[in-house]
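So the structure is just underneath, and the comments pick up after that.
Going by the order they are written in, the chains are A, B, C and D; count residues from 1 in each one.
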Amino acid sequence: MNYIRESFARQKAMALIGASLSVVSAGKSEVSLPYRDELTQQKGFVHGGIIGMIADTACGYAAYSLMPASASLVTVEYKINILAPARGALVARGEVVKAGRTLTVARAEVYAQDGKHIATMQQTLMMLPDTADTPDP
Amino acid sequence: MNYIRESFARQKAMALIGASLSVVSAGKSEVSLPYRDELTQQKGFVHGGIIGMIADTACGYAAYSLMPASASLVTVEYKINILAPARGALVARGEVVKAGRTLTVARAEVYAQDGKHIATMQQTLMMLPDTADTPDP
Amino acid sequence: MNYIRESFARQKAMALIGASLSVVSAGKSEVSLPYRDELTQQKGFVHGGIIGMIADTACGYAAYSLMPASASLVTVEYKINILAPARGALVARGEVVKAGRTLTVARAEVYAQDGKHIATMQQTLMMLPDTADTPDP
Amino acid sequence: MNYIRESFARQKAMALIGASLSVVSAGKSEVSLPYRDELTQQKGFVHGGIIGMIADTACGYAAYSLMPASASLVTVEYKINILAPARGALVARGEVVKAGRTLTVARAEVYAQDGKHIATMQQTLMMLPDTADTPDP
């Protein structure tokens, strides 16, 4: 799964928010996010868009883990329900629901450290075969 | 609309990504995001989760602009389609579709500076009447 | 769970498509749909909107099973991914993800008789306390 | 647009609920649904799944109208917000947001006869080039 970890490491947006790829296996991935004041919305909770970012990324690498390293993938769409406010470290667990030839459907659950269920996401991704997963030269 | 601008100013996550509330009027809001390398995913495009963050926030303040300043609001859920990759400044325009007593439905369109349509979001929000929009003491 | 079965029995749209409430327990429900030519789209597969109907209903009764019989509920929104075409009997299994005071989030999986995963839905519902679940007089 | 009308005419599910394709032009379509008791849920309103069916179909034919007649298309996913209960005739207006090479994003608005906004849908579809839009022999 080296190509997955290398791809994640190229995501500067993950570095910006302080997220790391804590686990990756076939069809699954886990993104961890320590709490920081910089991640909050107006009431001091972690911003819903930040929760979306880690869930989006967890779905993406769950999907990518079932694709060849020679492929790249794009997020087609995602839908997230925020179930509870969060003011602490979070983990997003992504999992593939259906891996098709072109499209993959994945899901992510976001939890707080005390096990509280914070959010649930359903996502569609598209595989681009024989496409570099690195910036164009 | 001072309570809107003050609420946005409390969103540390918006400062982290460099977004600003460029416009707000009754039922509408606009969030602007200059391009920075720190916002990118593995291929050098703006991260889909970052696009989601500004669309989420644009929907939220469009909705909040039709609520009393004594209320707070929470994002129930959102769904976003990414229509094209983006490697430049973005603007997210939020607009209320239906303002109900408890729930509001809003939409946001994200555009690049050349007018390219980058993403479209549909969102549900819930009003919490007589609730401070500031962190609990 | 008599109030659930009575509510389902009032759904004339379920009778129209031939669906039945095969199972209901706390936080779960199952809607069964025998195959009929009348349910198909242009290629002879079960219409995606029909698949949505049974998933929507399965989510709804899973949610309603955790509410008092004196309440009614409305569907706020749902999102469904169609994973595979279907040309046979279907079952939609609904399950509550989070039951809140006002809002409930539920999910449904739709399967074919051979166990094939046909669709997955994520749904938001709102409880209306002290509201009749019957037509207004 | 004959291939569109012929495709719609093969949708037995549309005949079952009594819906018709009232308008179709490049990138747009309109599905009309007269009110019938058989379409209702437990409170006598049009079933949310039925509303989803006509919105789904309106999106689909809006998308199909921009594709060659030699192609077929499948619904990848859709998300719908129900904005108000409905107890009368409905019309679903579908429109293409972005027509891509493989994927198309469309939207539909559902209105009651008095102009009330009943629902809004965002949908993703996939084109299958050189694929018959008729049942397999």
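Heads up, the rule we're going with is that a contact is a pair of C-beta atoms (placed from the backbone, for glycine too) under 8 Å apart; a residue touches a chain by one contact, two chains touch by 3 or more.
Just so you know, these numbers come straight off a predicted model, no measurement behind them.
**Student:** Could you see whether B-D or B-C has the larger number of C-beta contact pairs?
**Tutor:** Of the two interfaces, B-D and B-C, more C-beta pairs touch across B-D.
**Student:** From the C-alpha centre of subunit B to that of subunit C, how far is it in Å?
**Tutor:** 32
**Student:** Between subunit A and subunit B, tell me the centre distance in angstrom, where each centre is the average of that chain's C-alpha atoms.
**Tutor:** 20
**Student:** In angstrom, rounded to a whole number, how far apart do the mean CA points of subunit B and subunit D lie?
**Tutor:** Distance between chain centres: 29 Å.
**Student:** Where in subunit D do residues touch two or more other chains at once?
**Tutor:** If we look for residues of subunit D contacting two or more partner chains, we find 76-77, 79, 81, 105, 124.
**Student:** Considering only which chains touch which, label the overall pattern as line, ring, star, complete or other.
**Tutor:** Chain contacts: complete, every pair touches.
**Student:** Quick one: which bits of subunit A touch subunit C in the complex? Just the residue numbers, please.
**Tutor:** Listed in rising order, the residues of subunit A that touch subunit C are 79, 81, 83-84, 97-98, 100, 105, 107, 117, 120, 122, 124.
**Student:** Where on subunit B does subunit C make contact in their complex?
**Tutor:** 76-77, 79, 102-103, 105, 124, 126
**Student:** So in the complex, which bits of subunit D are touching subunit C?
**Tutor:** 7-8, 10-17, 37-44, 46-50, 52-54, 56-57, 72, 74-82, 85, 132-136
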